[in-house]
Amino acid sequence: MTSQLRSTSIMLGLAPIVLVIALWQSLVSFGFAPAVLLPPPGYVFSRLLQQLMTWTFQQEIAATLIRLFAGFAIAVVLGVSIGIAAAASPGINAVVRPIVRVLAPLPKVALYPALLLLLGFGHGSKITLVAADALFPILLSTYYGASTVEQKLIWSAMAAGTPRYEILFKVVLPAAMPSILTGCRIGLVISCIVVFLAEMITSTDGLGHVLVTAARTFQAVDMFVPLITISLLGLILNVLLGAVRSYLLRGFPEA
Amino acid sequence: MTAPAALARRAAPVFACIGLLAVWQVASLVLKNDSFPTAIEAIRAIPDILGDKESLINILASLRRMALGFGVAVLVSIPLGLLMGRSRAVAAFFNPLLMVIYPVPKAALMPIIMLWLGVGDITKTLVIFLGVSLPVIYHSFEGAKAVEEKMLWSGAAMGLSPGQRLVRIVLPAALPEILTGCRTGLVLALITMITSEMIARQSGAGNILFNALDMGQYDTVFAMIIIVGAMGICLDAIFERVRARLVRWSEPQFDMPLSFS
Amino acid sequence: MKVVPSRSSEWVKPVMPKKPASAIIEIERVSQVFQTSARKDHVALSDISLTIEEGAFVSILGPSGCGKSTLLYVVGGFVNPTSGSAKIKGRTITGPGPDRGPVFQEFALFPWKTVLGNVMYGPRQQGVRTTEAEAQSRALIEMVGLKGYENFYPKELSGGMKQRVALARTLAYHPEVLLMDEPFGALDAHTRTRLQNDLLNIWERDRKTVLFVTHSVDEAVFLSDKVVMMSKSPGRIREVIDIDLPRPRRRSELLLDPRYQKYVVDIERMFDEVDETGALL
C-alpha cells in the first residue's frame, strides 16, 4: 500500500470515531441529554486522564491486568498443549473431542457462581473464569492448525533423523503457529471482556468494580472511565500481540 | 465409516456429559464441601426450578429477548460485514471503530444503558444485540473478503449489477463463514443475556443463579448451571444441524464449535 | 541478475569405472492396498519387485495414479506396505531414516526457517556441531547456486530456488539414497532443464543412488541409467529399460543423438500403450 493510500484510509477510519464523539458532544450541547446522564466527552476524557494519574486507579488497573494475564497464560498453556496432543494422538483425540464439543458452547460465565463457592471471592475464581473462557478458541485453533500441518514437512523432518516425539516441537508446533496466534488473539479479547465482567459481578477491586461503584452512586462520568480504559487496554494488548505475531511469523507467507 | 463407528461418534458427546457429571459427583463426594452439592443433588433440584411458574416465565422471557436481539443483530451485521469485505473504503471506515468497541464487554454497558432507557426489555435486548453484532460482522467481513475476484468478474460479465453481485455471488460464497459467525453469535447471545442479568439482578436465569447463591441454596445454583449449560449445548447443536444443511457443499472447517464470551 | 554457476568443468569428473553392481535397495513383492472412504479396497501397488543397484540413477515413469509416489513412500518408510517388504542394504525398512533423503514436488521447506536454517536442520539433527553444520551448509548452498540467499525465507524465493534449497537440505545430511518425487514438476520448462543439468552434475560428482519419479519421458531418459515403466491400476511394473547412453551427458549433444531419440520415442509409445490400457480398465 502506498503511503498516500494508507493515510487516506487512516483518515477514513478516524472519521467515524470523530463522528461518534461529535454526535455525543452535540447531544449534550443541544440539550437532548442532561449532563448527569451523558457527560460531555471533554469532561469524560479529562476525568480519564486525571484518574490515570491517581495511585488508586492505577491499582485497580493492576488488579485487572494481573487476573487477565494469569487467566490468559493458563489458557494459552493448556489450550496449546491439549490442542497439539489431540492432533497428535488418536487416543487423546477420542477423549478430548467429545468433551470439547460439550464444554465449548457452554456459557462459562454460568459457572462463575460455582467457582465462587469453590475458590472463594479472591483472584482464584476470576482467573479460572478467564482461563475457562479463553481456553477454547485457543485450543480449537491449535488443534486445527496442528491437524492440518503439511504431511511432507513432517516426513522431511523424520527423514533427517528427527525422533517422533521431537516432531511435535520441531515441526508441528512451529507449523501450527499462525493458527495458534489467531486463537490467542481471540482469547485475549475474550480475557479482557471476561475479567471485566467477573469484576462487575462480584469484586472489591479492579476496573469492573470501579464501574459498579459508579453505577451505584449514579456517577455517569465514572462509569465511562473504566469502560474507555478497558477498551484502550484491549487495543494496546492487541497491538503488542500483533508485534509478537509479525516477529514469530516472519517466515510465513501472508503474515 | 462403519455403522457402529458412526454411532459411537454421535453418542460420544453424551458419554462426555455423563463422564463430566460423574467426575463432578466423585469430586463433591471427596471434597465433602457444604457449598458443593453432588451432581445427583443438583439434578434433583432441576424440576423444582422448571416447575416454578414464575422462574419459568422469567427464563422464557429471557429467551425471547435473546432471540430478538440475535435476530436483529444478524439482519444488520451480515449486510454491513459483506459491504466491508467488498469495499476497501467501507472497511477502512468501520474497522477502527469496531476495533475500539471489540474489547469492551457489552454486558458492562448494561448500567449505562439502564441509566438512559430504564431496566425494560429494550435495554436488555439492546445489550444482546451489541454482543452478537461484532462476531457476525467480523466473520461476514472475512468471508466476503475471501471471495474470489474472478467469480465477481464473471458475474459482472454476465451483467449483474454490484448489488446483485453482493446478493447472488458474495452472500452464498461467504455463507459458510457467515454461519460460523452466527454460531459464535448465538452462544454469545446466551452469554450476554445471562451476564447482563447477573449484573442488573432484575429477573431471568442469571438473576435466579445469584439469588440462590445469596440465599445459600446451593442445589439451586448448581441446578441452574446445568440448565444454562444445557441451553448452550442444545442451541449450538441445533444451529450446527441447520448450518450443516445450508452449506452442505462446503468443506467442514471446524467440527468442533468455537465460542466467544 | 543472479547467475547460477555454470556447469563448470570442475564438476564434471571423468566417468568412474563402474563398481561391481551391488544391490542397495530391494523391493520384494510389495503390495499396497488403501481403504477408501466407501469401505472399498483400492490397490495402489500390486506385487512389485525391483532391485536398485548402488550408485544407479533410476527413474519411475507411469501414468497419473499408477502408484509411483506410493512406491517411493514405501522405500522412504513413510508408509508401510500392506504386504511384502522393502530392504535397504539387506535391512528391512520400517520407518524413515537419514540414509534415505526425500525431495518432494511441493518443496516442503520449513517456512519458519531461513534458507540456511533449513539446510542446517539435518546436520544439526545428526548431532553435528553448529559451527561445522553452518560451514557445510553454506558450502552446499553455494553449490546449488544460492550464495547470497542464506538469510532469505522460503517465501522470498522463486519455485526453482525453493527446489534448490530442498535439494540442499536433503544433501546436507548425506543420505545414501535420494528419493525424488517429481521434484521439477512444479517448475517452468527453462528452470526445469537448468535444475536437471545441475542435478546431473551433482550426481556425477558423488554418485548417490537416486530413485526419481517423473511424468516426463525426456527427463527420465536424459537423467537415468534405468527407467522403470509402471502401468495403471492396479500398480504394476510394466517394463524396466536400461538407458545405455554415455556419461557425462550433455543436453546439447544428447538431443542430437539418435540413440537418445530412439529411447524417447520407444518409451513414449510404451507410455501411450500403458495409459490406454489403463483407460480401458
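Here the chain labels run A, B and C in written order, and each chain numbers its own residues starting at 1.
Operating definition for what follows: a contact is a pair of C-beta atoms (placed from the backbone, for glycine too) under 8 Å apart; a residue touches a chain by one contact, two chains touch by 3 or more.
Everything quoted here is computed from the prediction, not taken from an experiment.
Asks: Any chance you could check whether A-C or A-B wins on number of contacting C-beta pairs?
Replies: Taking the two pairs in turn, the one with more contacts turns out to be A-B.
Asks: Measuring from CA centroids, which chain ends up nearest the centre of the complete protein set?
Replies: A
Asks: Could you give the separation in Å between the centres of chain B and chain C, each centre being the mean of its C-alpha atoms?
Replies: Roughly 52 Å separates the two chain centres.
Asks: CA centre of chain A versus CA centre of chain C: separation in Å?
Replies: Averaging C-alpha atoms per chain gives centres 48 Å apart.
Asks: So how far apart, in whole Å, are chain A and chain B when each is placed at the average of its C-alpha atoms?
Replies: 18
Asks: Which of the residues in chain A end up touching chain B in this complex?
Replies: Within the complex, chain A contacts chain B at residues 8-10, 12-17, 20, 33, 37-38, 94, 97-114, 116-118, 133, 136-137, 140, 143-144, 186, 189-190, 192-194, 196-197, 200-201, 208, 211-212, 214-215, 218, 220, 223-224, 227, 230-231, 233-235, 237-238.
Asks: Hey, which residues of chain A end up touching chain C in the complex?
Replies: Spelled out, the residues of chain A in touch with chain C are 150, 152-153, 155-162, 171, 174-175, 177, 249-253.
Asks: Going by the contact rule at the top, pick out the chain B residues touching chain A in the complex.
Replies: Against chain A, the touching part of chain B is residues 12-13, 15-17, 19-20, 33, 35-36, 88-89, 92-97, 99-109, 111-112, 114-116, 187, 190-191, 194-195, 198-199, 205, 209-210, 212-213, 218, 221-222, 224-225, 228-229, 231-233, 235-237, 253-254, 256-261.
Asks: For a test of understanding, state which residues of chain C touch chain A in their complex under the given definition.
Replies: Interface residues on the chain C side: 76, 78, 95-98, 100-102, 104, 106, 108, 110-114, 121-122, 125-126, 153-155, 169-170, 173, 175.
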